[in-house]
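Here's the structure we're looking at; comments come further down.
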Amino acid sequence: MRRYVLGRVGQLVITLFIYIALVYFLLQAMPGDISMIYLQNPRIPQAAREELKKQLGLDQPPIVQFLSYIRNFFTGNLGVSFSQYPRPVWDILLERLPRTLVLFITANALSFYVGFMLGRVIAWRRGATVDHAATVVGIAFWTAFYPLLSLILIWLFAYTLKWLPLNQFIEPSLWVYAPWPSNTVFGYMVFGIAVISIAVFAILWSLGRGQRKTGRKIGLAWALSAGVFAAGLGVAASAGMLVYMWDIVRHMVLPVVTLTLINFAGTMLLMRDSMLETVEEDYVMAARAKGLPDAVVRDRYAARNALLPTVTSLVLSLAASMSGGLVTETMFSWPGLGQVLFRSALANDYPLATGALVFTGIFLLIAHFVADMLYAALDPRISYGGEPVAEG
Amino acid sequence: MKVVRYSMTVLLFVAVVFCMGIIGQAAAGGVYEMAIFEDPTTVNVWAALGPDATVWNSFVGYQQSYIGLYGNAAPDYVFCPQAASGMPSRLVEEKMDNKTYYTSVVNIRKELRWSDGKPMTADDVVFSYMAPLALDPNKLGGNWPGNIDPEILAKVEKAGDYSVKFYLTELPGLAQWQYGMLQALILPKAYWDPVVSKALKAADPIKELLAHDPKGEPVAGPWMMERWEKGAFVTHTRNPYYAMTGDTNTFYKNGAFVTENKKTGFRYILGNPIGDIKLAVTEGPYANRLMFRILQNQNAAVLSLISGEVDFILNSLGLQRGFQDQLKKAASVEVVENNVNGFRYMAFNLTKYPFNIKEFRQAVSVLIDREYICERVLQGVAFPQYSVVPPGNAYWFNPNVPMWGKGFTRSQKITEAVRLLKSAGFSWEVEPQVDLAKDRVLRRGRGLIMPNGKKMPSFEFNVMTAGYDPLRYTFGLNIATWMQEVGIPVEVVPTEFNVVISKTDERDFDCFMLGWSLGLYPDHMYWFFHSSQCPAGGFNYEMYSNPDFDKMVEEFLREADMETARRMAFRLQEILADELPYIVIFDTPLIEAYRSDRLAFPYTKTLSGIQYSGGMTSTVKLKN
Amino acid sequence: MALLQPDKACEPIVVVRGLTKHFLVGRGFFRKERAWLHAVDDVSFEIARGEVLGLVGESGCGKTTTGRMLVKLTDPTAGCILIDNEDVAAIGGQGMREFRQTVQMIFQDPYESLDPRMTVFDIISEPLNVNHIGTLVNREERVAYMLSRVGITPPDMFFFRFPHELSGGQRQRVAIARALVVNPKFIVADEPTSMLDVSIRTGVMKLLAELQEDFGMSYLYITHDLAVARYLCDRIAVMYLGKIVEMAGAEEVIKNPLHPYTQALISAVPLPDPAIRRDVPNIRGGVSKPIDPPPICRFHPRCPAARSICSDRDYPDLAEVSPGHLVACHILVAR
Amino acid sequence: MDALLKVENFTMHYRTTAGHVKAVDDVTFSLARGQSLGLVGESGCGKTSIAMSIMRLLPYNSEIKSGRVFLGGQDVYSMREEDFRKLRWKEVAMIFQAAMNALNPVYTVGSQITEVILEHEPAASERDARERVAELFCTVGIPEERMDHYPHEYSGGMKQRAVIAMALACSPSLIIADEPTTALDVIVQDKILREMEEIRRKTDMSMIYISHDISVIAEVSDVVGVMYAGKLVEIGPADDIFKRPRHPYTYGLMNAYPSILGEKRDLATIPGEPPNLVFPPEGCRFHPRCDWATDECGTVEPPARYVGPNHSVACYNPFPAPSSGGDRIGVATA
Amino acid sequence: MRSLAQHWAIFRESRIGIAGLVVIVCFGVFGMMWPLMFRNVWDPNVYHPVVGFDPTMMHPAAPCRGHLLGTDPIGRDILAQLMFSTGREFLLGVLSAMISVVVGTFIGAMAAYYGGFTDAFFMRLADIVMLFPFVPLLVVVGSLVRLDMFSFAIILGFLEAFGGITIILKAQALQVKVRPYIDAAKVAGGDDLHIIRSHIIPNVLPLSFLYMMFNVTAAILSEATLSFFGVLNIDMSWGMMIHTAETAGYLFDYGRYWWLWLPSGLAITLFCAAFYMVGRGLDEVVNPRLRKR
């Protein structure tokens, strides 16, 4: 196990290094240079510009610049933004990261869950009306023009029906009095999500590894998870943070719903196909032959095995939603990493653009890694080395 | 197990209801809510005036919190004192240490206070000039060298507790003196002095200074920064010590102007204040708090405006035309239109033949049907423009520059262009023919032959891509079509904005179309057309070089008297309109909208709109 | 050995000496130690011209790997193969072309060994095609002839059919035609009938025997089925975990198996007669994979007759215990 | 005789794009308690379809045209689905064709067996169930500690044993073994067949063996049924069938296979190929391949008729009784 | 495996696939009408999709006789734009999909067949390409190279080719590679090139074709999104039409100026969905495990 994890980490580090190099040189090739953006005033003499260039290390050959970039990268220094001079890139990215994380993890988890559930149902009832309907609706959303869809949803739910806030990620009139900056609350939320998911996972793992999960055990697991959740809420409430968390959640609804609508079909159709394959497997037939109830056969046999290839799609959809993140963030005034990337690319702020791309890359690499681990955890056939036991 | 699941759901539901209750209470009065489209990048005034000089930084930053010695009183942008108690004394020659200086004394209003209650004195003013000088304004970049020009300003000295003395190395022009140095912002010495001296010891003083977080910095303007929730909002509260509250600016119909404060007894008069009063504006602020909501796109902002979440949209570009109808229809929303200070133009590379032939450019100018574009294609959302000073800048605008081909029909335009070209020695393989009576093109011109006898090769016309700006793209195509009708072999190349910019920087182009927005004082005529700006790095992209013009524009820059300067500016405009280094085409008005049920602006007609005064935060009255 | 004679005609077409193949298993990113699967270990045999040698063993015993090495689909780790006096390892370039015309292979699965996107004509003419043999007209004739020889008539009706339009038997006949179209001297047949239904299998087996006689080819016939080997082969070699444990004439092996493994194998074959009750095969345990095995008799952990000698000494060599009957067993040889 | 299983005139088709596949056609047989039936035939002859019909696990595109299936006296297809589900595995269990695929790869082998015990015996606790599994493992010869291993950690033979243990979990009265040893090597096959027979004898279960290998059937069956193209062409006591095959197909099948017994001899071939079941031949489905076919064979389907006690054959020209047909008996006895 | 006719028979059974095909054909006809209309029916000055202008009315004009779908804020006919763009979208979608699939198939086949370094190189490359968030990356590339429709299609094609599609097609090629008929071809004497060309690629091709359909969808949606953000140098496309409406501020008043965004928005969705649906239909053909009846 440890060897497997180490191997994956090693691979990730190499991939990351190549990725950084690619990003760096790609952005180096961008037209225009810093002195143009940084010194917009015509009255600055040429000499002063040259000196500035020197200060920023822009007079060095690219390879030297790259090496110093890499050196700085591993010491946690991503350079200084040009468009927000002299703010460190790292600082800007850290400011955006929690928001992006909360939004996209929630959206991806939800769309995965919805896709998984629907895919399971429609595969099981292949050819039924629900199958056709879900497929057509799924494809329609999947191919919908995203900006337009989000505008329509905003218009419908926020503007016309007034059910949800119009835009932004927090309500300013509430937060004026907040004792914390929003990032603190976001940070707690990320932490909370992490703790709860780890807790749930650990509980389910320790209770049910390899054994039949009885109703009592599942109930216990649920109760424990609910306990952890309630404890979290309690801590937040006692700190007076609950009201602010709720405000964030309220603002998250619309973007999350939009992202889910756009993305769920991918998982759903994949799950459907995957499950149509597992349904044909002998062990599903065997499960029926064993006289197990339909729901058990569906969930524990067909769906459980069909889940495996779908996990991989979770990662891909994460990358895709980071890509579409720009659209979401723009449409819902949710300033996250996507926006930083877009704006910095337009403004030729390449330390920031490089930083944002690298950050996104790291984020996705970690997601790859988590998916790998998840896959390994879900599929006992993934052996972490060692040969199958010989026949006795 | 289902019980647990249900109980969890119920728990969540209760929490939700509980929270909604709390949120319902959060509403505050006396808040002026504005939408902005981008996060500010800094609240450090050094950075906001320097490398981070974005319009958003100015909106949420120094425009609300700082004052200078002098300012321009909107809506007419009359040059008037702010921190100063009157006009500066005349510049006089004075010898000191074997050097000749031109000196002037400025007195400061005694009642001014910083937001921590301490008085603003000559020390603060001296610091505000001397600290940037020590740091080198050129390196600070941005607006700094414009305000504190190290070429001219030798030093500022304390001449009394409430007066300062400027030492200049040469006689400044209007741009450098009234519209430059005297409008620099005043910084609190008590706060910044330690920061600056610490920064000066650092390896990179400027970086050190710009990176400083100005927490607790006292300000002299009407608003104090309260909270900046990055990406979400910025709020300001009233400065309790703001001394100018109650200042009344009175504009008379005859052009006279009076600023007075009944409470403090301050009074400043310009011209002869008799006759009808055009407008009187009394300084507030009247609101308790400013709230800048950072919305990332126009649609969100407009929806928020209609639903009443914001009172005004603060955007230097104004609103797009499509919103107008909807906003006009909406209850309690007022839409205002204002002229802007800028223009869209096309320019040729004047180092290339035959673009350097004046008649060629005049012919092109004739061919461009500005009225058609503005009235027919844009249906009044743009107005035609001929001079490099926009009509909105009424004081400096010359209404009588040559207007090539104005009012001509299509065929008349072609005839006139052909005449101009012929007069310069151009000829055609196939000459264009028109039917003047029926206003029809009978034959398109082909094979334009240049005065040197060679056939004119086709050249590139760089216009914005349709994605960047469909309007300008469409115009580009229109203009090219008109040029092609008389046989000018132009080829439209849609080009990314960045690429056009780098092409112009490198002087590597045939012909392009771009736009400018300008300052109040028309010194841009120097920057755009003086031959010293021709080399790379300068702003004379088209490489216009005219020694007579150079001389005149230099004099114009040096001229300190407003009236003389105005006459000179008129003459310069005429030359430029005749020589046409820029073919000025049009500009669009600025459209703004606000909640009329919430806001009462003292006036809404002003050059570049309400946004130019930063949303008029200190004079607007809140209605509920 | 008895079979090695100077006479050219009697010279064996295939000579295999010390053939060995080790596969690397489970190499990880940070893993230092490597494990080797000894799929084929020091195997030697000859096949005379016109002879059919049956290679019999359970799955995973290395018989298929041996076959693949003979047709150069897998490169041996050690050992040498001489086919028609050519060293297979040294073949390349033009020699390769000739080699492909000398040696051919018939695969196990008729459903998988024909490219589904090719017509029957394309499939059979592929060896001619890639080796640039004959003109198109020649090839057509040759393909038609081969089709009729393998019993697919009329040939031209089948030229442009796709494999999925053929039945299992027909497919395997097409596969045989493909192997024979270049007139090879030696064919490796890897369980060509094991996937076929009983009623079709006989026909294919008979066809193989008939063609072998007509063309005078040699076969290496790989099978897990002793009965089939007995029917088709002149000699049988029994493999266990990468080693040949017994080799003799077909009838000799069936009637007089000497090696305990061969005996177990024969006694385990079910018999189509309910009246007969077979003995329980005298063998212990199950097969394991030969991963880095110690150099001792590989069968001894399961061998009913195993003694200390079996685990003390190195591999037993194949030794002739009676004329033409070779066994690799310390005990039998010692006797 | 106390018939545990009765299949009467069972006809079942599959709907496909190409047309109806007449997979099982008018099949009748019965099986007594404690008896073992071997069904032999080539691939696609309908053996597995019959097994699935008995289990009531036919795919959705199947269509039962006629006939009934009685299990322990109850009509399988007239019961409610839910009721029959509860009966499955308690009454009739199955050993699947490919054991490696019949186990869910993501759960331990033990849990897959306890699951079925808990499902069918609600009174049993989890500990009881695990104890039972341990016993079962012992019976089929798997070390008890292997219970908590995953299927991929088992070798082929062990999986097969596990699947047998699973089939035994609820002590069913009938087990259907569909090609239980096809993927295995002879030595393992031999062991497993012996074990299964032993268990069957001990517990007095009934068993249906399905195989294409007539030798395997010969070793384990009391009664042998021979199927060809969806028809049960011959059924009778094993001894009888192997000594005196009456149907030409049975005869061909027995002689088509080389044996390691006796002297090496020539093989009989059955010409041609099995028919396409969408358009089966008129009359006897075997007639196009039959050396003994007459005109009658090509027009009307031959009905099944008794040629001996419990031995029926569907052929117009069955081989005569042993007195005159001795020379045709293919299998030489040792 | 089956012949073309059988493929078609299976495909015809998929209602979704047929519906998609019908829609694509309709779009094809619609797109082909453009040159006809422009040359014979419409006045080029008025109906030109980019520089056309109708001086007789105020813009944006609601649908009327002369402009069946109205005009955009700068007086261009929406129907003409829609028709004109159809051809462009076909070009973009099919070109980029072709490139991605051709390159992806080739690389996938090579990587699968040769394994080792080739494989490792392309797979790591694919991992990295998949790390890039596409939209921002294309913004960056857009500022590097002037991206018109053609170069955009090519870049998109290559990005897709080196990304996920290579991995999928390689996996398929890997399955083909271990088939006995590849061994048979080797024994027949075929060299690597012969095997890749005659065996691996033809057997990967159906899957490639399937992914081509999906890639058309991806290309069109990317183009529309990037056009919406105004970072492409494309004079007219469906995304551009919405962009024009958006930048001019007509997008948000949904009911009133519906003709500015609804036709193009619907066209994008319909067109993409059609290709996607054909892909789904093909899936049933290509993927026999899904079919089983």
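We just call them A, B, C, D and E in the order they show up, numbering each chain from 1.
In this section, a residue touches a chain if its C-beta (ideal position, glycine included) is under 8 Å from a C-beta of that chain, and two chains touch if they have at least 3 such contacts.
Since the model is a prediction, treat every value here as computed from it, not as a measurement.
Trainee: What's the overlap between the neighbours of chain D and those of chain E?
Mentor: Expected: A, C.
Trainee: Smallest number of touch links from chain B to reach chain D?
Mentor: 2
Trainee: Between A-E and A-B, which chain pair is linked by the larger number of C-beta contacts?
Mentor: A-B
Trainee: So the centre of each chain is just the mean of its C-alpha atoms; given that, what is the distance between chain B and chain E in Å?
Mentor: Whole-Å distance between the two chain centres: 44.
Trainee: Would you kindly tell me how far, in whole Å, the mean C-alpha position of chain D lies from that of chain A?
Mentor: 52
Trainee: Roughly how far is chain C from chain D, going centre to centre by Cα mean, in whole Å?
Mentor: 32
Trainee: Just how far, in Å, is the C-alpha centre of chain C from the one of chain B?
Mentor: Whole-Å distance between the two chain centres: 88.
Trainee: What positions in chain C touch 2 or more of the other chains?
Mentor: Where chain C meets two or more other chains at a single residue, that happens at 286-287.
Trainee: Two or more other chains touching the same residue: where does that happen in chain D?
Mentor: 155, 157
Trainee: Among the residues of chain B, pick out those that touch two or more other chains and give their numbers.
Mentor: Counting only residues that touch two or more other chains, chain B contributes 299, 303, 498-499.
Trainee: With touch defined as at the start, can you tell me which chain E residues reach chain A in the complex?
Mentor: The touching residues are 15-16, 124, 127-128, 130-137, 139-141, 143-144, 164, 217, 221, 224-225, 228-229, 231, 239, 242, 246, 251-252, 254, 261, 265, 268-269, 272-273, 276-277, 280, 283, 287, 289-290, 292.
Trainee: Sort out for me which residues of chain B touch chain E in the complex.
Mentor: Checking each residue of chain B against chain E gives 298-299, 302-303, 319-326, 376-379, 465-471, 473-474, 477-478, 481, 494-496, 498-499.
Trainee: For the complex, which residues does chain C have touching chain D?
Mentor: Against chain D, the touching part of chain C is residues 58-59, 167-170, 197-203, 205-206, 224, 226-228, 230-231, 250-251, 254, 264-276, 278, 280-281, 283, 286-287.
Trainee: Please name which positions on chain D make contact with chain C in the complex.
Mentor: By the definition above, chain D touches chain C via 42-43, 155, 157, 185-191, 193-194, 212-216, 218-219, 221, 238-239, 242-243, 252-254, 256-261, 264, 267-271, 273-274, 289, 331, 333-334.
Trainee: Which stretch or stretches of chain D touch chain A in the complex?
Mentor: Per the touch definition, chain D meets chain A at residues 55, 57, 85-90, 93-94, 96-98, 101-108, 110-111, 114-116, 118-120, 126, 142-143, 146, 148-150, 152-158, 166.
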